[in-house]
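Chain nomenclature is as follows: A, B and C, assigned in order of appearance, with residue numbering initiated at 1 for each chain independently.
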Amino acid sequence: MKLILITLFISLTAESLFAVDVSGGVDQALFTINNIWMLIATFLVFIMHLGFATLESGLTRAKNTVNILFKNVSIIAIGLLTYAICGFNLMYPGEFSLGNFFGFAGWGIASPPDVAGLIEYADGSYTYFTDFIFQAMFAATAATIVSGAVAERIRLSSFLVFSTIYVAFIYPIAGSWKWGAGWLDQMGFYDFAGSTLVHSVGGWAALIGASVLGPRIGKYHKNGTIPIMGHNLPLATIGVFLLWFGWYGFNGGSVLSADPGPVSFVFVTTTLAAAAGIIGAMTVSWTLSKKPDLSMVLNGSLAGLVGITAGADVIMPMYAVIIGFIAGLLVVLSVIFFDRIRIDDPVGAISVHLTCGIWGTLAVGIFSSEYSFLIQLIGVVSYGLFCIASALVIFYAIKITIGLRVSEEEELIGLDLGEHEMEAYAGFQIFTVE
Amino acid sequence: MKLILITLFISLTAESLFAVDVSGGVDQALFTINNIWMLIATFLVFIMHLGFATLESGLTRAKNTVNILFKNVSIIAIGLLTYAICGFNLMYPGEFSLGNFFGFAGWGIASPPDVAGLIEYADGSYTYFTDFIFQAMFAATAATIVSGAVAERIRLSSFLVFSTIYVAFIYPIAGSWKWGAGWLDQMGFYDFAGSTLVHSVGGWAALIGASVLGPRIGKYHKNGTIPIMGHNLPLATIGVFLLWFGWYGFNGGSVLSADPGPVSFVFVTTTLAAAAGIIGAMTVSWTLSKKPDLSMVLNGSLAGLVGITAGADVIMPMYAVIIGFIAGLLVVLSVIFFDRIRIDDPVGAISVHLTCGIWGTLAVGIFSSEYSFLIQLIGVVSYGLFCIASALVIFYAIKITIGLRVSEEEELIGLDLGEHEMEAYAGFQIFTVE
Amino acid sequence: MKLILITLFISLTAESLFAVDVSGGVDQALFTINNIWMLIATFLVFIMHLGFATLESGLTRAKNTVNILFKNVSIIAIGLLTYAICGFNLMYPGEFSLGNFFGFAGWGIASPPDVAGLIEYADGSYTYFTDFIFQAMFAATAATIVSGAVAERIRLSSFLVFSTIYVAFIYPIAGSWKWGAGWLDQMGFYDFAGSTLVHSVGGWAALIGASVLGPRIGKYHKNGTIPIMGHNLPLATIGVFLLWFGWYGFNGGSVLSADPGPVSFVFVTTTLAAAAGIIGAMTVSWTLSKKPDLSMVLNGSLAGLVGITAGADVIMPMYAVIIGFIAGLLVVLSVIFFDRIRIDDPVGAISVHLTCGIWGTLAVGIFSSEYSFLIQLIGVVSYGLFCIASALVIFYAIKITIGLRVSEEEELIGLDLGEHEMEAYAGFQIFTVE
C-alpha cells in the first residue's frame, strides 16, 4: 500500500499534467473532441450501475432490496478502486511476461512520464486519465452482473470478497487476452465492446455462483417451478432504460474516438438491436405463455444490446436487427432452460449476459465477412474455461472458509432484516412471500 | 421484407462506411463535434421514453402499471423499427411525388452511395446514420404521447396496432410537410423542434383516442368529476425531470449542429420556459384550488417545455419566460376544461402536448417578428385536420374489427391482472380504487 | 419588472446573436467543443435536482413525500428565474461597488453588446448564454441542500420564501467573493467547484434551518435518539447515483473548457473520491453499528464527492482517495454528532454538505502545495459567518411574520395531507410512523 502511494506520488507531479503538446501533428481540436467523447461515454457507463441496481432490486422481493442496493453501491466502489490499484495494469500490461497470457505493468495508476494529458498518448485520441477512467467504469460492470444471479441468498461479506477478487484479477487478466493485445487478439478474435470480455465474463461467474449456491427456498418443487415475482416493476423498467441509455457510452465509447462514421454507425446498430430484442422476446414469450410478459420484453432489450456489443461496429444495420431479434428469442428460451435445469437466477442475468454474450460473439463470425466463426468460438470457449475455473475456485474457497449462503431463517425473513436490520420500504404493508 | 433486406445490404457495404473526406473544405474537427453533439442529443431524446414511462405510470393507478410500462417499452421498439423500415424515407423523401404533400424515398435505411459518414452529407454537420438515429428517436416520442391519454382502459393489442400505423405513416407524412421541405415549409410555417410536428401530432391522436374510448369507469358522475389519483408521485416526478433533461437534446439537437450561439441560446430559452411553466401552473392551481398541487406543477414544467419548442431558437429569453408562464396557466385550465367536457385524460397528455403545442406554435407568430401568425395558424389547423382524420379512421377501424376497450370486469380488476397476469408491486398491500 | 423586460429586449436583438467571429485567433472548432462541453455539464448539473428530489424523499417518511417533491420542483424554477433576474449579475458583477465584497451589474440577463455568441467572450471558451445557464444550474443546487435538513416540518410557503431570498441574494453575493473575483479570490483562496461556495453555503443554511425549526416530533427522547427510517431506499439510491452522475458536470464543467488534461484529471479524482467515500463510510459505520448501513454508504459517496469538489483539479489521484475516504468517515461521525446535540437533519444534508464541504476546502490547503491552509481556513470561516448571519436573519424574520413550522397536528398526519391534500402513494397501505 505504501509502495502504491509512493509510486503514484512520484509519477503524478502537477506540472506535467496538463500540457498539451500540439507539435505532434495531431489536431488539438480533434484531440479535445475525441477525449471529451470518451469522458461522456464514461459517465454513461457509470449510470449503468444505477441501471443494474434498480433492475436487480425491481426483479427481486421487497425483503431483499436493501441488500441488493448495498451490493451494487459497494461493487462500484470496489471495482473502481481495485482497478486503480492493479486492474488497469493487469488489463493493459504493455508487455506480457507469461507468453501472451499474463502481464502486469505495476501497482497504481501512474501516468507515463511527461505523457499525462499529452496528445501523443493513444494516437492523439485521449489522455492517460481518460483511458483509465473509461476502462475502470467497464471493470465494475462485470462484477455487477454476478450480483443479480446470486441475489436473495448470498451472504453480503462473501459476495463482497468474491467481487473484489474477480474484478481485481480475473476480469483484467481475461481482458488482456484481447483488449490488452494478448494471445486471442493476435489470433484474430474480435469483441468490439465486450459481449464476451464483459458480459460473458460476468455471466460465467453468475452461472457458477447460482449453481454453487443452489436455488432460493421455495423456487423449485417436485412438480415444477414456482415463479417468484419481482416486487417493483417500475424500478426494473427504470433499470432497463438506464442500461440502454448507458450502452450508448459502452458501445459508442468503444470506438475509442469521436470518429463520426463509426460512432454514428454504432449508435444505429446498438439501437436497432435493442428494439429488435424487445420484439423477439415479445414474440416468443407471448406465443408460449399467451400473455405479454413485461419482464421478458425488458430482458429482451438487454439481450439485443448484449448481442450486438461484440460487433456493433462491423454488423450491417439489418443484420443488427436480426441479431437482436434472435437474442430476444434466446433470452426467453434460456430463462426457461435454466429454470428447467433448476439453476435459479432471480433476474435472468445468466440468460441476458452469458447466453446472449456468447450469441453476440459468435454472430460476428456469422454476419461479418472479416472474422472467422471458428476463432470466435475458440475465444468463447477459452473465456468460458478460464472464468468457470476461476469462479469455481473462488466460490468454493469462500464456501469452505467464511461460508457462502445465509441461514434458512435469514433467507425467509429476508436479507434486509437479517444482514442489515433495515427495511427498504419503512411504513409500507408488505406481505413476505416465502 | 426481403426487398428491404436486399436494399439495405447492397447500399451498406463496409468499405464505404467510415471514410471521412475532408477535401470538401469543411473542417474535420467541426464535423466531428457537430456529429457527436447530434448523437448526444439522440441519447437524451432516448431517455425521454423513460420519462414518459415513469410519468404515465406514476400518474395512474397501481393496478394498470405493468400495462403502461409494457406499452412504453413496446412503442420505442415499434417506433424505431418502423422508422427504419419506412418512416425516415416518408419524412425526408427528398422529392415529393404528390404535390408537396407526400413523398417516399424507398424502403429501409439506405445510405446514399459513397456518402455514409462522408462530410458532404448534411453540409458537413453529421453523417447519414446520425441523421437517421436522431430522427428515429423523435418519431417514437409522438406515439408515446398517446399512451397516457388512453391509459387504464385501452386493449394492449389495439393500442399496439394504432401506434404502429400512426408512427409508421401518419407522423412521418405529417412531418414531411415542414421538416421534409414540403408545402408548409415552402409557405413559411415555422416549428423549430416540434411543438406541432411532434407534440400536437401526438396530442391530436391522444384527444381522439380518449374521446373514442370514453372515460374510465367512475371518473365522471352526475354531479361532477371524481379525481382518480396517481399511485406513485415520486415516479411521476422522475418522469418529469427526465423529460426536461431529455429536452436539452430534443431542442438542443434540433439546431442540427453544435453551433455555439444557437445551441446555448436554445438551452437558455428552454430552461427559462420550463421554470416559468412551473410558476405559471403553481400560480393558477394554488389560486383556484387553494392547495399547492404537485401534479399541476409537474405538468406546468412540461407545458413550458412544449410551449417553447416551436420557437426555442428565435424567441428572446424574457419572451420564453412569458411563453412558459402562459403555458403553465393554460395547462391547468385545459385540464379543468377537458374534465368539464368529460374527456378523460388520466395524465393530462392532451393539455400538455396539444394545448401547449398549439400555444407554442402560435406564440412564434406573436413573439418573433420573422414569422407570420396567420401562417402559424394555418399550420396548426392543417396538422389538426390531418391528424384528427387519420386518428379517427384508425381508431374506428380498430374498434370495429378487434375492439378498442377492455371489458368492464378487466378494467375494474386492472389491466395488469387482466392483460398480463402480473402485478407491478408483488407483495405490497394495495387497495384497488375503482 | 418592466425595466428588466426592456433591458433584455434591447440587448438581445436577434441579428447579433449567433455570429461567431473567428478573426480573434481562437480556433472555431475548439470554441465549439469547449462550449458544447459546458452545455453538457449544464444538463448534468440539472439532473442533480432529480437526485436531490429522490434522495430527500427516499430518506424521509411516505407521508411527507409530495411536500418534498413539490419543494424540489419549485426550487429549481425559483433558482433559475431569480438567477436570470439578479443572481448572475450579483455573482459576476464585473466591477465591485463596495470594496471587493459586493457588486451588481444590473437586472436581467443582458448579453454584452455584440458579444452574444462571439468567440471573444470568455477567452473563446463559451458564449454568454452558456456562461449564464451553467451558473444558473449551480445556483439552484445550493437552495436544494437546505430542503432536506428542514424536511417533514417546515411550512411550504415559508420554505419557498426562504429559498427565494437565499438563492437570489445570499448565494450569488457569497459566490462573488471567489468566483466573481472578489476579496477572497484576491487573497488566494481556492475552491475549484464549490465545496464551500455551493455545498457549505447550502450547508450553513441547512444547519441554521434545522436548529431554528427544532427536531421532528418523536425524534429525540429522554434516553436518546429514535431513528426515523426513510420510506423508500431504492428512491434514495437513485438519488445518490444521479447526484454522482451529475457531479461529472458539476466538477467536469468547472474546468470551464473541454481542455483534455484537466477535464480527464477531474473525472479521475472525482470518481476515486466518491468510491473511497463509500469505503470510508462502510468501514466506520459497519465497525460502530456492527451492521452494514445502506444510508451511510449512500451518504459516504456524496461525502467523498463534496470533499473532492474544492480541489478536484489540483489533488493527486491517491490523495483524492484519502480525501474521499476521510470524508466517508467524517460523514458518519458527523451524523452521530448532530444527533447527539439534537439537531435533527432527516437526510444528513448538514453532514454531507457542510461537514465535508469544510473538510474538502481545508484539504486543498493540506494536500496541495500551491494553496495555504490558513487562507483556506479564512475562507471557510468567512463564508460561515456570512451564511450563518444571513440565514438566521431570514429564518427569524419568517418565523416572526408568517411562521416557520407546521402545526403539531399537521406534522403528525403528514405534510402531504396537511399542506397539499394529496397522497404520494394513493392506494398503498401505509402505516403512518409518528
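Note that a residue touches a chain if its C-beta (ideal position, glycine included) is under 8 Å from a C-beta of that chain, and two chains touch if they have at least 3 such contacts.
Predicted model, so just to flag it, every value in this text is computed and none were measured.
> If I superpose the C-alpha trace of chain B onto chain C, what rotation angle comes out, expressed in steps of 5 degrees from 0 to 180?
Answer in degrees: 120, to the nearest 5.
> At the chain A/chain C interface, shared numbers over all numbers used: above half (same) or below half (different)?
Under half shared, hence different.
> For chain A and chain C, what's the span in angstrom between their mean Cα positions?
Taking the average C-alpha coordinate of chain A and of chain C, the gap between them is 32 Å.
> Would you give the residues of chain A that are in contact with at least 2 other chains, written as numbers and ranges?
Counting only residues that touch two or more other chains, chain A contributes 29-30, 33, 40, 232, 238, 425, 428-429.
> Under the touch definition given earlier, write down the residues of chain A that touch chain B in their complex.
Going through chain A, the ones touching chain B are 27, 29-30, 33-34, 37, 40, 44, 61-63, 229-234, 237-238, 240-242, 244-245, 248, 252, 258-265, 267-268, 271-272, 274-276, 278-279, 282, 291-295, 297-298, 301, 314, 316-318, 321, 370, 425, 428-433.
> For the complex, which residues does chain B have touching chain A?
So the residues of chain B touching chain A come out as 4-5, 8-9, 12, 14, 17-20, 28-33, 35-36, 39-40, 42-43, 46-47, 49-50, 53-54, 57-58, 65-66, 69-70, 72-74, 76-78, 80-81, 84, 108-109, 116-117, 119, 126-130, 132-133, 136, 156, 232, 235, 238, 419-429.
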